[in-house]
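Pasting the structures here.
The same chain A turns up in both complexes below, where it pairs with chain B and then with chain C.
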Partner chain A sequence: MMEFGFSISPSSTMNLDKVDFSLYERLCEIEPDAKKCMACGSCSATCTAGQWTGMSVRKVLLDIQRGKEAEAARLLKGCMLCGKCTMVCPRGINTRHLILSLCRIYGEDEK
Partner chain B sequence: MKDNIVIVGGGIAGMEAARQLLLLGYKPILVEKSDHLGGHVADWHCLFPDMTPAQQVVKDLTEQIKDANIFLETEVSFINKMKMGYNVMFSNGVNVICKAILLATGFDLFDASKKEEYGYGIYDQVMTNKDLEHWFNTGDDKRITGKDIKKIGFVHCVGSRDVKAGNQQCSKVCCITAIKQAMEMKERFPDAEVYCFYMDLRLFGKKYEDFYIKAQMESGVHFIRGRVSEVSENLQGQVIVKTEDTLSGKPAKITLDLLVLMAGIVCNREAVQTASMVQVPIDSDGFLKSRDNILNIIETDSKGVFLAGTATGAKTIPETAAEARAVALAIHNYLVSQQ
Partner chain C sequence: MIDRFASGFDPFVIPFLIGMIFVLGYCIIGAIRLILQLDAEDKKKFFLSLITPKTIWKNIKDLFLNCLIHVKLWKRNKLLGYMHSSIAFGWFMLILLGHIECFVYMPHRVKLFYYPIFFNYFVAENEYTLRGAIFFFLMDFFLLVVLSGIVLAIIKRVRSRLFGMRRTTRPTLLDRVGLYSLWMIFPLRLLAESFTAHISGGSFLTIPMNMMFKAFLGDQMNMLPTWWAYSICLCIFMCVLPFTRYMHIPAEMLLIPFRNAGLTIKHARRGFAKAQVYSCPNCGVCIDACPMSIKKANIKDTTVYLNRNIRRRNEQRIEEISDKCLLCGKCTAVCQVGVDGPQMRIAQRSIRNYGLDQDYSGMDISAIKESVASEPSKDKVLYFAGCMTQLTPAISRAMESIFRKAGVDYAFMDKDGGLCCGRPILMAGRFDQARQLIHKNKEVIKASGAGTLVLSCPICYKIFREHYKLEGIRVMHHTEYMLELVRAGRLKLDGGAGSIVYHDPCELGRGCGIYEQPREVLRQTGELVEAEANRDMAICCGGSLGSLTLGFDKREDLTRNALHNLTVNDPDTIVTACPLCKSTFARYADKPVEDIAETVDKHTK
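Up next, the complex of A and B:
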């Protein structure tokens, strides 16, 4: 093939019409507090693993709300389940429990 | 016989001030340019934070000020300063000599068609917060009635926090109004997905944060952080909204069946004219200028001229009513000091 020295970049626009809410809905069923997140970032700021792995409960929840399951799973792998995020969440979300529930859902899906 | 007091504007501010002045033994003269009392609140349906019916609030206040001299469909034609007070001429031909004037002239709702990129008045399925309250009250709006509404969006800050639109200020009441209306729509259309597009959620008032949590937990409203940049229409007549989802850091688009614009609170331009008759200037934000904005927000530098309510900036009803009560006392103290 002829090389012209340029290529077409894929669009980075998120099409919110095509978002699959099914994982988010399953999570909300067992962890209704998932809906409470106001994206303040306290969890990410305090996360011990975050600075090396990119783990952030806020981002995991956002990814799931935007249907990006694989990205959420990738972030979750960095979690050490220390629970510091739970201590700082101002909305009182039991983030550690939420992470475990999420892992359980992912685990079920792998079976 | 106590002194005459003229109140310009029969919204919540003018009505509550009249009520208090009656209780203090005065017989205020209230002029309202429209054919009814209540101001903007007469157009609303249910009021945050208690979801009180707006009509009830207006009715209760109207009942309590029936002893005041009320002129509807009347405006101020001119005001002459005299040695001891003012000579006020109304458009109905009545002429009054008074010692105190209260400007309770309220606000204007931002004209949403000025933000052309949002398509109000251009695309069929775009409406304002006021249009939606009207639909709640009457059930009559061709954008909703009989339509299959599956996805609804609310755009915050329309004509507010917008230097180019000439309004730098935050309108204060529209974040909570958007959330209130989002929940009310979810009740009426339980299968619909509802989205709020916001920059910040400014939920300062009593119980407002509770509305936010309830909207998240019970109504499942989706909150997308980002200012809507443009709206277009597809062949089916739906609207396509573009915004950045700033939390994800990515541009986003979505197709909606109905888009509600949170038009903001801007100064009442006509009131500026009335204010100029008594030398009350305009502040840098376009609203009537108080003596200062800490302890003397209801006073002006013109002797015997007072201000209350949204004439000086965005306010909720409880804030407006509190100012109206304060101004009644200030007017009373002023009149006593003049004797």
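Up next, the complex of A and C:
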């Protein structure tokens, strides 16, 4: 086949009816503030780690809301917990604690 | 003196013996357990300290001054100090003199464990005794001293405000049993010795009491019951002691040598940490000191309750208390036994299980390294602003301006973004992750070849000073560095800043002990006034990263209280040396809030 330097990107379609939301639900149980997020991106804009590891609280929350747990985990691993996102959050979400809670509930099922 | 009884024994000593053997056994086994719980390095440190003359002397001095005289309490409040030292030192002297008395008059009885305690029951005075009448006088004198302390203790229980304490803890049921038995011991001793004073001799207290009792009681039968009661009270006190707040008495005797050996908390619940928990006297001084306890909120989240819940193994409460704390360290500054509240809490946070661990190993930081890399030079300065200064860029701009004015050869390590210093993640109890960040940052600093590292954030400064181990590089907070520039004449201040109040940031003041350097700079910048509570008593701004769970909506009262404390002398400007304090205060202050770097930059000639 001829190579033109283009390829078809993998589909990013997701069927929200079939997605497993258990992680998001569990998160909302212990951090009800997670629902307050309006995805403004202030957290991502100030993030110290974002530049180096791709961490973004906004993306993590969106990923979890779409059931993309593995992707969220990859981002969370880069967090440096400096707390700047908490200080700039216009919704007053304690994002630093939210990140810690998420790190805790990952792998809770295996126990 | 002669023996009244050939056997030298009476059944009433049995309760005392039971209590004494129990409490001694419990404490010795407990101490051995705590020592065994230390890791190998700490054990070595501890045993070495026990044979090093310098630490031996320090141990003896600290034990005497803290456990018996309660010097720290005297400094805080004279009444509280007198109350504690009269009971502790008085009781100690009673025991010591009792033994000396026994040794002088009845050397053949010294081997009997109980004899010196109940000396006055077992002996009868004869014509030779008077030569030692000074003992009788001293015994009565110290008994009076202890009794005066007990009277104060009873008053304190009813009105703690008279002793400068607004809030205190509620004693538990066993605490009360211990407390009341402690109160009863000394009046009963007085009664018992008074009833026997005509036989065994006595002094200014017991002899008149004996005569008075004879006038209306006249019955020898009162003698034995009071000695029984005295012995039983001692027994009750000693039997409940390990389960009450009075455990701090023996525990502090272990904590002081531990601390002098230079141990740190390595495990949340074992060894040194456990010694701290048991040394907490539950006095509740930390409640009034805690910045979170303003408007009666969060009282149950203070260090005293952390210690209580660790003793009760209430895991849920331990977690809540340790996560909420701002780690400002004020409880430690006021604590009489030196329980390290922040370190205890960080240790509790470190034993959590996380399903996901941060990992920065794959992170590529060559861009930062390249941007600062240069030939090693002693005169070169590397400036690290840190995350919080990134949020308040006025500070880093002022710092750059100061560097230029003073003609410093500097490099800005995180001008285009840098890594976190690792302190926030360390405060969250995740030591391995902090270590990784430290390692990464160290690579950059080494590559820069700078001889001095300047930091404008006390949070960074603390971890750089304590954990980075940068050999050959001076680590300085910008307040120290500016003072150096001013002293060297490279920076000239005009002194026209008006009146300034300086806020001591927790991490810089209590955390690193830097109080004078910023003040000296500010005295040359303007007229320095002091806050009501300053230096190690400064009040946390409420913005601390130490707390994991306290939301920003709940911190307003804390900040307003800290601001109120700062503005008592009506200054023109509030100056601090921490970007986090600055942004926190700026939210609610009605006066301009500046970082010291901004003030200095504005007022250089």
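FYI, the second predicted complex is superposed on the first by the 97 of 111 C-alpha atoms of A that agree within 3 Å, B and C clash if a C-alpha of one lies under 4 Å from a C-alpha of the other, contacts with A are read in each partner's own complex, and residues count from 1 in each chain.
Keep in mind that, in the parts below, a residue touches a chain if its C-beta (ideal position, glycine included) is under 8 Å from a C-beta of that chain, and two chains touch if they have at least 3 such contacts.
All figures in this text were calculated on a predicted structure; none of them were measured in a lab.
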Chain B versus chain C as contact partner of A:66, first or second or both or neither: first
Which superposed partner A:81 touches (first chain B, second chain C, both, neither): second
First, second, both or neither for A:35, with chain B first and chain C second: first
When both partners are placed on the shared chain, which of chain B and chain C touches more of chain A: C
Which superposed partner A:14 touches (first chain B, second chain C, both, neither): first
Partner chain(s) touched by A:49 [first = chain B, second = chain C, both, neither]: second
Touched partner set for A:97, first chain B, second chain C, both or neither: second
First (chain B), second (chain C), both or neither touched by A:105: second
Residues of chain C that touch chain A when the two form their complex: 323, 352-360, 363-365, 387-388, 390-391, 417-420, 422, 424-425, 428, 430, 433, 437, 543, 545, 548-549, 551-553, 583
Contact set on chain A toward chain B in their complex: 12-17, 32, 35-36, 38-39, 62, 65-66, 91
Of chain B, residues touching chain A in the complex: 195, 201, 212-213, 216-217, 220, 222, 224-225, 245, 247-248, 250-255
Residue numbers on chain A that touch chain C, as the complex places them: 46, 48-49, 51-53, 73, 76-84, 86-88, 92, 94, 96-97, 100, 102-108, 110
